[in-house]
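Pasting the structures in now, so scroll down.
In the two complexes that follow, chain A is the common piece, with chain B as its partner first and chain C second.
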Partner chain A sequence: MYAYDEIDRAIVHERVDEFRDQVRRRLNGELTEDEFKPLRLMNGVYLQLHAYMFRVAIPYGTLSSEQLRKLAHVARTYDRGYGHFTTRQNIQFNWIALADLPDALAELAEVGIHAMQTSGNCTRNVTADQWAGVAPGEIEDPRVWAEILRQHTALHPEFSFLPRKFKFAITASDHDRAAIKIHDIGLKLVRNDAGETGFEVLVGGGLGRSPFIGRTIKSFVKGHDILSYIEAILRVYNQYGRRDNIYKARIKILVHELGIEKFAAEVEQAWSEIADGPLTLDDEMIEDIRSRFIYPAYEKLPAEPDELRAAAGDARFEAWRGNSVAPHRQDGYAIVTLSLKPAGGPPGDATAEQMDAVADLADKYSFGEIRVGHEQNLVLPHVAKRDLPALWAALDKLGLATPNVGLVSDIIACPGLDYCSLANARSIPIAQELSRRFANPETAALIGRLHINISGCINACGHHHVGHIGILGVEKNGEEFYQITIGGRADEGAELGVLIGPAVPYGEVADVIEDIVEAYLSLRQRPDELFVDAVKRLGVEPFKERVYATR
Partner chain B sequence: MTSPLQQKIKITGPSVVTANRTTDGVVIYRTATNGWSTDLADAAIVREAEPARALLAAATADDVGAVGAYIAPVEIGADGAVAPGNLREKIRRDGVTIALPVRA
Partner chain C sequence: MPLVKNGQIAADDFVAVADDAELPAAGPVLISATRLLADPERLVARNSPLGVVWPNNRDVAELKPWLDRLALIALVFPTYKDGRAHSQARRLREVYGYRGELRATGQVLRDQFTFLVRNGFDALDVKKEADAHAFREATHRYTEFYQPTGDGHRSALQLRRQRHLTSAS
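Take a look at the complex of A and B:
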């Protein structure tokens, strides 16, 4: 966990006071909506179909139990008793009244939570691998660098009025769980031949209307230089990014239009003017940030405790352990993913009661720490293996032990037309139907790793382009239709999915997905050939044929 | 951003003016008496561009009470009942089409 200092706390509280005054002036008519809108957006407040939506930042996906309890409190007190975890590691409340927002923000500020960098044309919440700091084989904890980035970019005047929003993601593992290649800037911690720590910097990734996979702009930037290098990228973007056309305003368009080589040359020129200047990080600064992360005092524990052996006879426990428990860098400990994807449930939603209970379980079993992953699940990052049976029993009672992590029913979905004013079609009911159809754990295990991503419009909050199966809702003559892509992936081998054919109506989506999965099962070479690998080998044709032959 | 009043108004059937209430974002409809109602049945119905523009202008003028006023299609049943003209407006009137995680 990162402990805020006095300056951080002062900024958060001052922001609440400022927003309280802005809300007061809006409600009494001193501010018009046109004047107020950019101010509310800077505090994570959107207006959706039925109500205001309040998006709260969870920097690099790390929460303390105290913070999660406060989110539960806000859900219960100011909203309708639940929250929605997003693909940007944020949480959204869907029903909050404008007049209540300052009080909700003030309560969150008590535990160091805020809504800055959750909206607007600024640098957004920095996201990270949800296993940061605990994943085996990691170079180092990337959250230290995410926090450095957060501190540098938050409220930075040069980055507060960019041509368009700007998103960072960071990882320190070879296996990319943070989807860094679909972010404006993706950072991967690496070591060079001299043993120095630095970053591979990727730029120009993004989804939406014009999807692009990020390109490596520089294969190694020393850690001490990362702020100046990023500043150089943002300066080039700020100067040349399109402000005349919202659809062409993201950095991915600039990189695409200039070409990565020319863009990189512009960045090198800008960097040459600021490198080795005040933005250079010295060891003391880095260590100061690092020292504010509080790490657990792990015990020395056996790798295979008696408690695990005793529980091995319970098939349900074993199914969950095999699916939701991952190796930890510390012997005797494990990383546990809590699925927020129960059969028939809205992906990523958690009730206030569940949040409170998870906070209690985090205190009891995970040193009071919780993570949020971009797949819209929660993680307890430091669980002693001896506690796994007891933790599972508690999670099972809460409905948080569905053993489907990474499987076909672990669906990423945006709120869609049920909530969102931008959406053209519903996402959640599609996800619910699919999760019911693939609810049988044996069937899901047989299918293996398969990511379905659903977006209710081209803005792609559900990351449909990079789903192994992507589902995009569109509107045709007043009806909901869905385009299906296959072969996308968001990890280190990120690729955009390929459209298989004409959009299908709402009522046929689940049947089509079942057809695609059945085709895969009959076409795969071996049981361990993943769906996405089978698509790579076979192309879309066999799947297209299966789907459209009878339609 | 272009004001809704500066945009070309195209009416293809009965329509209403709708917005969200400033205080809490609740869906509201402009009434014939220059007020707002949360009930679509109370909405003023317009069928041509000029009355629609006038209704929208009056709605937009109430910047304190309402946010984002726009013209939305409706259908009038044989019994005169007013229904939303598309799925988006149906969801705005009726609420989400899914069960909420916590019952109200």
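Take a look at the complex of A and C:
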């Protein structure tokens, strides 16, 4: 965890005061709604179907137990007792009153949480691999760099009024858990032949109406130069990104229209004006940020403790351990994912009671640290293996031990028409129905890794393009219909899914998904050929035939 | 629309002259980019302060040869959501070293003031009277800044570097 210093604290508190003043001026009529809208958006406040929605940043997905308790407190005090974790390491509260927002923000600021730039046409929350710092095989902890980026992009005087929103994601692993290829800028920490740490920089990824996979703009930028290089990219985008059409305003369209080579040349030109200037980082600056990250004092523990051997006879525990527990870089420890996808539940929701309980468990078993991943699940990143049976028992009681991580019912979904004023169709009930159909853990385990992503409209908050199975809600003659794509993926081999055929009505979606899964089970070469690999090998045809033959 | 210059409400000495109107014999004038670029040598040689309104979709690098002879560059915010002139301002000040008056025009509202000043604007053509009077309050809300710009504030990283070196010695 990064611990704020007095500079960070001053900025966050001053931002709360500024927002309080903006809300006051809106409520007394000094600001029109038109003038206020971009101001509230830049602090994460949307106007939804029923109420204001408030989106709070969880930079690079890291939370302390104290911070999670404060989020629970906000859910309980200012909202209806729950929150929704999003695909970009934010949490959303759906029922908050405008007049209460400054107080809620002030309470969050006490524990170093803010809502800066969780919306609006500015640089958004910087996201990272939720296993950063604990996954085996990383170059180094990418959160140090994510924090440098968070600070640099917060209240940036030049880039707060961009053509459109702008998102960063960062990873330090070969296996990409941060979906960097579908971000405006994706950063991968790498080491060059001289042993220097730097970044492969990708640009122009994004979903929405015109999905693109990000392209490498520069294969190596030294760590010391990363801020000036990113400044150059943003400066080119701010000047030349389209502002005539909201659907063509993201950087992906500029990169696409210019071509990556021409765009890269523009960036080099802009960079030449500012490289070696005040944005150049030196070792002291990086070290100062690194020194404010608190790391656990791990004990020397056995890799196979007696407690694990004793619990191995419990089939439910073993199913959970096999599914939700991942290797840690430290011997004797494990990374534990807490599924927020119970059968029949809305994906990514957690009640205030669950948040408080997870905070307590984090204190007891994970050095007080919690992570939030883009798959809308929580993570306890430093659990001693000997504590796994006790942790499992506690999570099971809380409904947070569904052994479906990475499986067919671990569905990513946007809020959809139940909340969102942009949506064409509902997402949550589709996810709920699918999670009921695939509720049997043995069936889910038999199917293996399969990501289903649901978006209620073309804005693609549920990342449907990159779901192994993607479900997109559309409206046809006033009714909810859904387009189904297959073969998408969001990892290092990111690809966009392919449409299998005409959209199907609301009532048939779950049947169609069951047909697709059954087709896969009968077509796969081996039990360990993943769904997405089978689609790659076979193309969409056999799946399409199965779905539409009887419809 | 009050003009706030170097933090004070001030009179605008410049007279905007349309492209087809004759320039007055003396006194500060503000002309379009088109007019300036049609005959720059003669215009900058004129014996009174010269200002230019520079559109937000034209590269400010074109102004480089004339920067030390321009008294005013007015950049444009058609709406405050269109932030192109923020980049133009920083390039003029920090990259090309322009030292004359840099004025923000268009939809210039109170909640942009800090950003504008940080980016090098020293004159704001403020849309609302009340906003102009709130200039001091609006630009003193923040005491710390993460980014280094040309405004003289030391960035958070620069301050920490200092702290780091002090504690090491």
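Observations, loosely collected:
Keep in mind that, in the parts below, the second predicted complex is superposed on the first by the 551 of 551 C-alpha atoms of A that agree within 3 Å, B and C clash if a C-alpha of one lies under 4 Å from a C-alpha of the other, contacts with A are read in each partner's own complex, and residues count from 1 in each chain.
FYI, contacts are C-beta pairs under 8 Å (C-beta built on N, C-alpha and C of every residue); 3 or more make two chains touch, one makes a residue touch a chain.
The shown structure was predicted, so the numbers you read here are calculated from the model rather than taken from an experiment.
On the superposed chain A, the two partners chain B and chain C both fit, without a clash.
Contact with chain C, but none with chain B, is seen for A:D17 once the two complexes are overlaid on the shared chain.
Within the superposed three-chain model, A:L41 lies out of touch with both chain B and chain C [touch as defined at top].
Look at A:I180: by the touch rule set out above, it reaches neither chain B nor chain C. In the superposition on chain A, contact is made by A:Q432 with chain B only, not with chain C.
Touch criterion met: A:Q151 reaches chain C, while chain B stays clear of it.
Looking at the shared chain after the overlay, A:E273 reaches chain C, while chain B stays out of its contact range.
Of the two partner chains, chain B is the only one touched by A:A99; chain C is not. Contacts of A:Y82 after superposition: chain B is touched, whereas chain C is not reached. In the superposed model, A:R235 lies in contact with chain C only, and not with chain B. In this overlay, which is a superposition and not a single complex, chain B and chain C have their closest Cα atoms 11 Å apart. In the superposition on chain A, no chain A position is in contact with chain B in one complex as well as with chain C in the other. Those residues of chain B whose C-beta lies close enough to touch chain A in the complex are 1, 20, 22-27, 63-64, 67-68, 86-88, 91-92, 95-98, 100-102, 104.
Those residues of chain A that touch chain C in the shared complex are 5, 7-8, 10-11, 14, 17-18, 22, 30, 35, 38-39, 121, 148, 151-152, 154-162, 235, 238-239, 243, 273-274, 277-279, 281-282, 284-285, 287-289.
Here chain A touches chain B in the complex through residues 26-29, 32-34, 47-52, 80-82, 97-99, 345-346, 349-352, 417-419, 426, 428-429, 432, 478-480, going by the rule given at the top.
Within the complex, the chain C residues that touch chain A are 80-84, 86-88, 90-91, 94-95, 109, 111, 114-116, 118-119, 130, 141-149, 155-161, 163-165.
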